[in-house]
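Following are the structures in question.
Here subunit A shows up in two complexes: once beside subunit B, once beside subunit C.
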Partner chain A sequence: MIRLFATYQSVFDQILIYSLLAMSQYVVLRAGTFSVGSAAFAAIGGYTTAILSTRSGWHPALAIACGVVLGGVVSAIMAFPLSRLRGVFQAVATMALVQVVVTIALNWEDVTRGALGINGIPKVATTGWLVLIVAFVVALLHVLGRFSIGRAMDVIREDETVAVSLGMSVAHYQRIAMILSGLLAGLAGGLQACNSYTIKPEDFGFTLLVNGLAMAVLGGRTSVWGALVGAAVLTTLPELFRVFADYRNVVQGALLMVIIIYLPNGIADTLFGLAHDRRVRRLVTGLEPRAAAVSDSGAGSEVTR
Partner chain B sequence: MSTATNAILRLEQVCRRFGGVHAVNEVTLSVPAGTITGLIGPNGAGKTTVVNLVMGLLHLSSGRVLLDGADISRAEAPALAQAGVARTFQNIRLVPHATVLDNILAGYHRHETAGFWANLLGLPSARAEAAAHESKAVALLERFDMPMLAEHRAGGLSYGHQRRIEIMRALAMNPRVLLLDEPVAGMNDAEAASLGQIFRDVAAEGVAVLLIEHNMRFVTSVCSYLYALSSGRLIAEGAPDAVLKDAGVVQAYLGT
Partner chain C sequence: MLTQQLLNGLVVGSAYAVFALGFTLLFGVNHVLNMAHGSVFMWGAFAGLYVVQAFDTSFAVALLVGMVAGGVLSVLLDFAAFRPLRRRQAADFATILTSIGANLVLLAVAQKVSNTTVMRFPFEFFPIVMYEFMGLRIQLLQITIVFTGVLMVTALVYALYRTGFGRRIRSVAFSGNTSRLLGINAELVNAEVFFVSGALAGLAGVLIGVAFNSVHYLMGEPLLMQAFVIIILGGLGSIPGALLGGLLVGVVQSLAYAYISSTAADAIAFAILFFIILIRPTGIFGQASAVMRVQRR
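Let's turn to the complex of A and B:
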């Protein structure tokens, strides 16, 4: 029984850590920046944490904080060239960054120990801490999305011409999104290092890039809950599909395709959308006498024909 | 009549070339505060290009644009919007999955003063500001007879409603100059008349309104001065009735 719980606990931890990575991806997608650099910022956060807490003997919390800041600094620098690019070119540029970071991790053996990775990292990122941290970040991003910044990001993603015509600086908001993305991915990397005792370059390569992107898209790109749902689904699926043994990835890939085709807005966004529409319908039905009065008095109803 | 002295917005000898094509050629016009100035012309005459040049979305090839006498020819769109220049678009451009209310609230961007941290942490200053703008947006919705649609998603509404949302978003900016690009296209006379009244009220508050429109009945009913554009050049200007009778204007619209 305890062993069973332990198994589930590690999956649960992984969901929480990946949800931070997915939020890092969500925040740039929401602002209309097609950055896939989260894997690189996670590597920077992870390696900084690992090196400082093992070799330099820093307190792990301080080491993680340094990893977070460094992830944010690198993403802030990256935001400058990215603001001159759009769409798929941003994706290619950030993909190159991931390659560069992973290559450095592989070859700078004196510092990163190369392909062997770094072992013996203190496991301080326990489930309790992870729950607290993720809850804090979700609350922060939820509030951020509700006010002016979230709205500006939505307009920028939808139509940059409209955004600038309303007085919004595209570069400013995309820079905010990139810095948040770097901080969150750095946090995910640092916590990953302090949760799994060990990190190596292959943890942060193309697979992590694709996973982060898939989580954000699958969960939904316009609310922070999408990242949570995406991380939960994509982390538990491989566990559920163990029965398919060698064909696990095939089944998982096929299922993801089905979800993307039938729920293009992602799971959370689709559910929220349905709930919203139902609430509005109920509201309108409740207001029927008033709505009818307005239709009678003016041109309001005529355009709905 | 309109003179340069009381004009809020003034274009002087404005040219814009796309390769060898003169989309806008030596256009000089004034948009005084407190009235609605019309800009007509057949499709492809360069009307929307004029709006894009004023808004800073396109750069001038030559000439200058003045706002209250200050040269804004080189200013970028966000700075102009912050200075109070608002526009609507010929093709509706909203955030379709966002609610009507959120779309209108985007128009208050230039009045937002709560800082980044207030927004990130949901501090009282950010909340108070959001609440104040929301009540103003609801008042706008009531003015446009759409209060019951506040929580609807903009993309699911009819064309006429979406047009109004765009106009409300522009009015939310509390602009000093309002550029309307075919605001009543596709509307019937009753709908156009109710919008016309709103535009007159807005102008009466001291806003300089430039109206681009094909609906001539609407143009003559709201505009106090009219410019006619054809192939990028001004071919007539003056009182609306006179401009519409001008032989050159009739020819431009109907062909020979």
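Let's turn to the complex of A and C:
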């Protein structure tokens, strides 16, 4: 068991880091915002961490913290104009942002060393720390999701008109979601840099954008568990099918299409929905004798609500 | 030198415009951003190249084959990725995701088929004829590209605004349900629009493949990004916007290539895109009705 774990430790680390990225995507999707800028904020976090810890000799933890803050600041600056736009346009604008950030990373050679990337980053993000950090973030997001802010985001995602008629400021909640997403993506990028010794511009391009999006959607967009499930599935799948390495993208693309078309709520959310239905059904059948004695319709329908 | 670069930019820009026209037509009628449109373009170029390699056909036949291949592939995409979602009236973002998935599949298959190599048209496939005109040099190929672009745009505008076919398309673009009530087969119109847009992409694929004499599986990706810039600049769903945007992006790009650097060209394009979206998201030709779809107050 321990040997097996040692073999797959790097995969496990990768799942944890990707799950942070998927959570950064999940936060915005939950609030009905179609921002796909996570890859850009991850690049900002990763490069900040790498530059501060190698060239300026900062302590890696401090460098990561700085990367997280910078990711949050940039996403906050972006959030104001973006929250004025609707879905598709948010997506296109953030896609352009990702391209701009990657192009800067490629060409600002004095600072980022261009296509060579930055090497020799101290490996401080060990598995233990990653587990701790991911557990903390999951707990935080889970709790936030249960507060009024999570419910407000759910309403905005399901129907903006209803949200506005209930007196919610759609732009306000979307901005909060975007800033949170920027912080999380910055964290993912910083940890990625401190886990793999090296970062390159192509680590953060369109591929990362698609991966993060696919994970969040595959897992499910309404609970934080979806991001974990999506990251686990999409990171292990290529490892399991090493034989089909050439067809990795075919499998991933086809999977994405099938999931969106036939399982629009994602894996985790669909499972939660089934479990919830079963619980309700059991409750209803348990109540049935009493319900039948009291009245024929009222009690049953109230329970299913 | 400057005018020469301007000319080159206009030539490339007219090929871009042909590609962007199909892209913007899809958005205008079906309200989808087809992220696999770049792959349709690439497969059009592949089809043209393979038919030339296998049967040693002429340029016109290659163009035609590229168009048909692009059109058919685009209709297949509609069936596989967009139609199931349209039936469910899913959110915008679901269609973007399925087309990203379809794009991954198409790219991977093309990589496998082409063995990740850069393929070329046979030597002197298109005769190299140079004309000198007031100190400007222009090739016959460049003239052909501009001519084809102008022809396609004219044909499309004529079809859209002067024929029954175009009237059906415009009514479906206005409202699918209303046109269904009026007895228009909206699904058929959607399939036709996908065919037309795919055919334009395939045509642009063969044109650009011959112009740069290089066909490879990643050729569609940068073009899709250019098309984003073009249609946002011109206004989403606007046909004159796509035309003007295409020419503008072509010119800006070749000037940047000539005077700054090749990487700066991309960065400038994306910076333009980014600021246009933030400042005037409806683009140059965006109408008042588009504002509702774009912005929230």
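The rule is simple: the second predicted complex is superposed on the first by the 274 of 305 C-alpha atoms of A that agree within 3 Å, B and C clash if a C-alpha of one lies under 4 Å from a C-alpha of the other, contacts with A are read in each partner's own complex, and residues count from 1 in each chain.
By our rule, contacts are C-beta pairs under 8 Å (C-beta built on N, C-alpha and C of every residue); 3 or more make two chains touch, one makes a residue touch a chain.
Worth saying up front: this structure is predicted, and the values here are computed from it rather than measured.
Of the two partner chains, subunit C is the only one that A:Leu106 touches; subunit B does not reach it.
Legend: residue contacts after superposition of the two complexes on their common chain; A:Leu213 is shown touching subunit C, with no touch to subunit B. Look at A:Pro264: by the touch rule set out above, it reaches subunit C but stays clear of subunit B. In the superposition on chain A, contact is made by A:Gly167 with subunit B only, not with subunit C. By the touch criterion defined above, A:Ala254 reaches subunit C but does not reach subunit B. In the superposed model, A:Val69 makes contact with neither subunit B nor subunit C. In the overlay built on the shared chain, the residue A:Ala91 is in contact with subunit C alone; subunit B does not reach it.
By the touch criterion defined above, A:Leu140 lies against subunit B but remains apart from subunit C after alignment on the C-alpha atoms of chain A. Shared contact residues on subunit A (touching subunit B in one structure, subunit C in the other): none found.
Residues of subunit B that touch subunit A in their complex: 55-57, 76-79, 81-82, 86-87, 89, 93-98, 102, 105-107, 109-110, 112, 114, 116, 119-122, 126-127, 129-130, 145-148, 151-153, 158-161, 169, 173, 187-188, 190-191, 194.
Subunit A makes touch with subunit B in their complex at residues 140, 143-144, 146-149, 151-152, 154-155, 158-159, 161-162, 164-169, 176, 222, 265, 273, 276-277, 279-280, 283-284, 287, 290-291, 294, 297-300, 302-305. Looking at the complex, you find that subunit A touches subunit C at residues 29, 34, 81-82, 84-89, 91-93, 95-97, 99-100, 103-104, 106-107, 160, 170-171, 206, 210, 213-214, 217, 246-250, 252-257, 260-261, 264. Those residues of subunit C whose C-beta lies close enough to touch subunit A in the complex are 33, 80-81, 84-85, 88, 90-94, 96-98, 100-105, 107-109, 112, 221, 225, 228-229, 232, 263-264, 266-267, 270-271, 273-274, 277-278, 281, 293-296.
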